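Before we start, here is the structure in question, set down as structure tokens.
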Amino acid sequence: MCGIAGTWNVEDSYNVVHDLLLALQHRGQQSAGIVVNGFKSIKGEGLVENVITDEKFIPGSCAIGHVRYSTYGSIDEIQPLIAHTFKGRVALAHNGNIVDADERRKFVMENGGIFSTTLDSEIFIHYFSIAPYRSPKDSLQWTLSRIKAAYSIVMLHDTFLAAARDTFGIRPLFYGKFNNGYVVASEDSALSSIGCTDIIEIEPGSIVFFTDGNSPEIIYFGQRNDRFCSFEFVYFARPDSNFYGVNVHEIRKKLGMKLFEEHKVIGDVIVPVLDSGFSGALGYSTASKIPIDYGLIRNHYIGRSFIMPKNRQDIVRRKLSPLSSVVQDKEVILIDDSIVRGTTMKVIVEMVREAGAKKVYVGIHSPAVVGPCNYGIDTSRRSELIASQRDIENLKAYVGADKLFYLSVENYKKVFEESGVKGICMGCFDLNYPA
Amino acid sequence: MCGIAGTWNVEDSYNVVHDLLLALQHRGQQSAGIVVNGFKSIKGEGLVENVITDEKFIPGSCAIGHVRYSTYGSIDEIQPLIAHTFKGRVALAHNGNIVDADERRKFVMENGGIFSTTLDSEIFIHYFSIAPYRSPKDSLQWTLSRIKAAYSIVMLHDTFLAAARDTFGIRPLFYGKFNNGYVVASEDSALSSIGCTDIIEIEPGSIVFFTDGNSPEIIYFGQRNDRFCSFEFVYFARPDSNFYGVNVHEIRKKLGMKLFEEHKVIGDVIVPVLDSGFSGALGYSTASKIPIDYGLIRNHYIGRSFIMPKNRQDIVRRKLSPLSSVVQDKEVILIDDSIVRGTTMKVIVEMVREAGAKKVYVGIHSPAVVGPCNYGIDTSRRSELIASQRDIENLKAYVGADKLFYLSVENYKKVFEESGVKGICMGCFDLNYPA
Amino acid sequence: MCGIAGTWNVEDSYNVVHDLLLALQHRGQQSAGIVVNGFKSIKGEGLVENVITDEKFIPGSCAIGHVRYSTYGSIDEIQPLIAHTFKGRVALAHNGNIVDADERRKFVMENGGIFSTTLDSEIFIHYFSIAPYRSPKDSLQWTLSRIKAAYSIVMLHDTFLAAARDTFGIRPLFYGKFNNGYVVASEDSALSSIGCTDIIEIEPGSIVFFTDGNSPEIIYFGQRNDRFCSFEFVYFARPDSNFYGVNVHEIRKKLGMKLFEEHKVIGDVIVPVLDSGFSGALGYSTASKIPIDYGLIRNHYIGRSFIMPKNRQDIVRRKLSPLSSVVQDKEVILIDDSIVRGTTMKVIVEMVREAGAKKVYVGIHSPAVVGPCNYGIDTSRRSELIASQRDIENLKAYVGADKLFYLSVENYKKVFEESGVKGICMGCFDLNYPA
Amino acid sequence: MCGIAGTWNVEDSYNVVHDLLLALQHRGQQSAGIVVNGFKSIKGEGLVENVITDEKFIPGSCAIGHVRYSTYGSIDEIQPLIAHTFKGRVALAHNGNIVDADERRKFVMENGGIFSTTLDSEIFIHYFSIAPYRSPKDSLQWTLSRIKAAYSIVMLHDTFLAAARDTFGIRPLFYGKFNNGYVVASEDSALSSIGCTDIIEIEPGSIVFFTDGNSPEIIYFGQRNDRFCSFEFVYFARPDSNFYGVNVHEIRKKLGMKLFEEHKVIGDVIVPVLDSGFSGALGYSTASKIPIDYGLIRNHYIGRSFIMPKNRQDIVRRKLSPLSSVVQDKEVILIDDSIVRGTTMKVIVEMVREAGAKKVYVGIHSPAVVGPCNYGIDTSRRSELIASQRDIENLKAYVGADKLFYLSVENYKKVFEESGVKGICMGCFDLNYPA
């Protein structure tokens, strides 16, 4: 996953994009980069606070930035990308994955083009350069009408800032007013946090151009056909973010409520599996009238401990403390948003049982993942996930729970529909992919 | 506040004390130090992970360490202290404050003694050196029988590790088995987190001596008279710690329940003020049957933002997001463990109101603080607190709440009594000090 | 200025290129970069030791690296450059400046090519990509036959390492054997320092290809016409380096000897202006029989002092101590290799006079600079230099010397001819440029 | 070895002491420390620039500082020492070694005193505290009249700065005016470098007290009996320093001249062994009329190279380049100030021979070391030195020189006498120790 941000006509844009990237840090912790007008850039591996530092301040009134979940090791691979073209200089930051990147890349190279990275994102710039127009705006419109999902991008040109989403709107993107200028970011909560007003969700299939002395200009390059990634709601986004005007925390609560309605699993106490399960557990509690309690305490600093446990299980054991006073002699319902590898959940179930629980039930407020994601979620991580979830009975035995229950695809879909979120992508749950 | 730790006959004690200090990091973030046998030391300002690093590893089978809430700027002032005496070398780490430190210090200096720090903790070592005994153990016993509360200490000598608490037992201290040796720490959860077993709470008025080839030897130096700091339960300690066998999270829940019983303030939703109010809010919800919900979301990285708000209020505004969907048109009951300056609560009330709350009530699950603490809680911070709380009506007006209610001293006391925690110190609440 | 290095079939090439760049550090201190096979790269501003660190080690048996005198602020602008082309992946490091870079760049962009940097060095890669050959070797040969001076380059391809110099041989480049492989570097002393043997100076107008299982293959792409930069001898290179088999320290001594022969300025003592004047002063002393003495002592650490002098003159005063015992009541002849701004020499003359010198004469063992350099020496620095040197009488008055004398262009040239170094470039001295 | 510095009534003393310590960095590179009034301190291992940084600035108008050659690993052992006594707070920095430290330390401890370090320097403070006077000045005078050589110290008290040297004056110490206040440092060149005026060498057996509103007050505590360490001249001090009004560089030249006069060893070229041999080689050249040349070039950055040579000899080989053009077919006379282990010289001789020298002669412009130093020169290093120098014939064979010659004790002594430096210590050369 990635987070992107941009500014136009904003004093000390370096600082503003820094703050937006901080607020988007949960979308990617492995690299960060910023480009300020004059096309000066700072890039590096690691967290925003370590890369985009105070001493490296670059003056300027427009900028774009990027945070990323995974990098391939070379500093050249870190976004935003910069290029000098016959149509002006451009910088670009991209969230998502181009589905047919390999063919497009080959096409460019066969015609003598050179790629300075292995990133599919660089294709946008080549197409922009070879587009059969002199106008940069027309060239960008032509480019996006030819490149398939999934992408949300910000592009800084000598004469404008552009922000665009693919026609499916798979990844989010917002803009709003800030003092006399404009700011763009992947989530509206990031914009709110810096005091931005008049926040607007960019329409799928449109480009918003910010230029000097004008209101933002919206250009459509394709037919809108909403397939927003539902995992943004379930897992990635901050609880105080909103998509389609619907709050993330509220959706998670509703998923938790629906989970109870579907399975009616009853117990003595509901224990959220840390932060990710909090909202869903609250919903389950509301619907079931079963009390919620904090039966798992996280040891915050354990990640940096020196006495290294031999295996992953022991790491989990050092990271979490179950509270006996909460679970002793109880039927405990653990609620989480998803199961990644299953190894963590296996240890949690074990620990809760050792702390005295009579029964341990595990409820997941999304469906089991059955297919890969080609739209911007790290595939390697996903493949492990799929493997471990082919069969719910097996998984239940593996994690050692007395019950294991997921929300069905139908009910999952229904929650979004009932909330007014139409057109979601559930490809990883139902293999029904948009492109 | 401070956290202390020690090891005896434990392989790579450097790593073990490091991990214990990590688990005690919440008790002090401003300096950290470690002394390993051979009396090599590492000290520095800041977090454990920045001071006690991997590259500085010191081999050895015993060690003591310290984390501290406040330092006076000089590296010489960072604990543990080291001294070379006629009775052998000693290193010492101290949690608490000696009540009559000034007189005792003057006494030592008038007799030609020199202090290398301004810390009251150095008095222990001088008394140890001038005690009228040749035996180091007898000297320590004599020392502690003369020095008044408050202290929990670990002391490393060439021939033993000692761990002791004053007769009131104001500050906590625990020890347990680890492989073939022993480990000591301020909280039992720190010991548990590294896999320590047979954990024992050190008795007030006793010293536990760990020596080679023997079981721990317990020496009593004064009459036990329990006055354990109740603020450890309310605020300082981790929720998975236990004192007198009673779990911290459970006490907080009971304080929340008692708060409802006492005031019966009714509303539509209970919103915990972040982590510190979670347990109490849960108790209030359980007792009142009013649903709890997460109406305040923290922006984790905002502390490092570059666009600096002009005043403290704006900082709070950037740090917290209220969720309209949770509080809109509701009577909201905010629950927190204590009010420090009041400025933060004032902004929170304002924000919750702006997010649409009909009424905002503030419940605090401890009594109002009316006196200073002389036993180890940072006084400067405390004095601001007192000033702002002289009158609850004034404070209510200041924070702008529709209602503001504290737990009474009587009910507060009752919760501890009912839980089996006898002999607490409530000096800051009722001016009834132990010494 | 820049330094470049490369390896082929050398174990842990990262370490070897690191060490070569360390030994070339005097050629550029502002940025450093390395690319190891698999095309992983590390780049950053500052010294080699700060950028190419131990922890960032990248395994691999071939690599290229670069150190640079000036960067334009963005990490993207740091060499080596990396590109993915239809003919394979390439990385390139370049020392020098392409004379007709602007036209060539425009040509590429008009045909849809995008530049990811502002560096003229990127032109090599575009030409390589658009060359009308499928073979990478043929493509490189075609490229170099079309791109004008000045350049020494190393280029890493999936299937070879190439090292080449322009037909004038303006910048140096050497290669030699190292264990079972080959190493390349800007100066032979760098190769010697790591224990490399069989060191060969690459011929102007040739490419040396290093491939698996073969001896190096030499391809000529143009007619050799030697115009080696004589400033490499005078100023840039290390005294233990050799060009055309002639030692740098020896040439500097001969320039000093010739300076005496030309001007016959007599005095009591010769004082070298620090390191840069040492060799020349020795020559002047040898020829004149006037004793040399160290009358100027450098305060090594003053660059990092906190009490900042108000102006440049005071900085020089803190950086240097004149020894009264050496200069008192003497006619002092200061010898240096060149005068950059004149401000430093002005203060030195002043200080030596204050320390008691009767007369202060300044001898420079190269001619006055009258034109810019377009072949890789930083122009901005050069332009200040030219401005200050238009008239020797003026300059003498400015620096306050009793005499100021330069080596004439004719004698300068003669020293190189007599030493067997034919075909040097003296464009900055006589406006006679090669291209 | 150590360097010490102090200020009184000097604005931003932190910066001034920092700059003095920078200028004394050659006297100790392993730890650095500073104490500013209010007795705030900064200490750490490593170079001044890494320890006493800009961000840690402490305001104040008086300060003392220390740089040290060796530390015993703990940050508590780094000077200056700080103590709180009945007579006020004191901070102390010490250069030298107390000869009877063990007995004095035992005496203090038996009387109940505690040492917070293992440093002999702490004895000064204990004696100050137990001195039978109320007046701090009287107490310091009493202390110094009882503690034997060797020491130069600076001591900061609440009411004064004191600077003192033992009666033998073994270690140097100077003071001078700086703006409206005073500064103290181990070498006069350090004082000069910051622009200090009216520099005075502190008399052996005296204390200079700097107090508010008065001229410095000089108190004598013992009979002056000059035995200044002659190794300060030969090796430790900067060439632009002066002791007894005699310049260090000049003494070294004279030692070189005397070396020729004594041995009359003739050759074709004199090659100084890097910086330490420069001045002596110049003297040898002046006396013998044999030309000097730079036949050994240092590779400055090799200390940080990654390809680690297997043994010490290979390290030297990578660190130094002999110039064939200088030594080929010549009888080469290498001049150095001393031989430490002999291993380095062995490799140098080997390299010079390989570079083509016909004969290699080694001249040392000080006598062979035959005894330890108890006055502040690191003993461990010295003991290796002694072992390797018991017999000059053996040593000659070991280093592989055709000739090896030292300056005799008599001639060495004579150079100092003729220069007007009376009363030097030559204990390590002639076993005639002062105390």
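A few remarks follow.
By written order: A, B, C and D. Residues from 1 in each chain.
Here is the rule we use: a residue touches a chain if its C-beta (ideal position, glycine included) is under 8 Å from a C-beta of that chain, and two chains touch if they have at least 3 such contacts.
For each chain, UniProt lists the protein as follows: A, B, C, D = Amidophosphoribosyltransferase.
Because the structure is a prediction, the values reported are computed rather than measured.
Chains that touch both chain A and chain C: there are none.
Put simply, the chain farthest from chain C by mean CA position is B. One copy, chain B, sits rotated relative to the other, chain C; on C-alpha atoms the angle is 180 degrees to the nearest 5. Shared numbers divided by all numbers used gives the overlap of an interface; between chain C and chain D this overlap exceeds half, so the copies present the same residues. Between chain A and chain D the centroid-to-centroid distance comes to 61 Å (mean Cα coordinates, whole Å). Here the spacing of chain C and chain D, counted between their Cα centres, is 38 Å.
Averaged C-alpha coordinates give centres for chain B and chain D that are 49 Å from one another. Residue positions of chain A touching 2 or more other chains: there are none. Per the contact rule defined earlier, chains pair up in contact as A-B, A-C, B-D, C-D.
Residues 12, 14-16, 18-19, 22-23, 25-26, 48-49, 54, 189, 192-195, 238-240, 247, 249-250, 278-279, 282, 286, 291-294, 297, 299-302, 304-307, 318, 321, 323-326 of chain B touch chain A in their complex. The touching residues of chain B, when paired with chain D in their complex, are 39-44, 58, 73-76, 81-86, 109-118, 125-126, 129-130.
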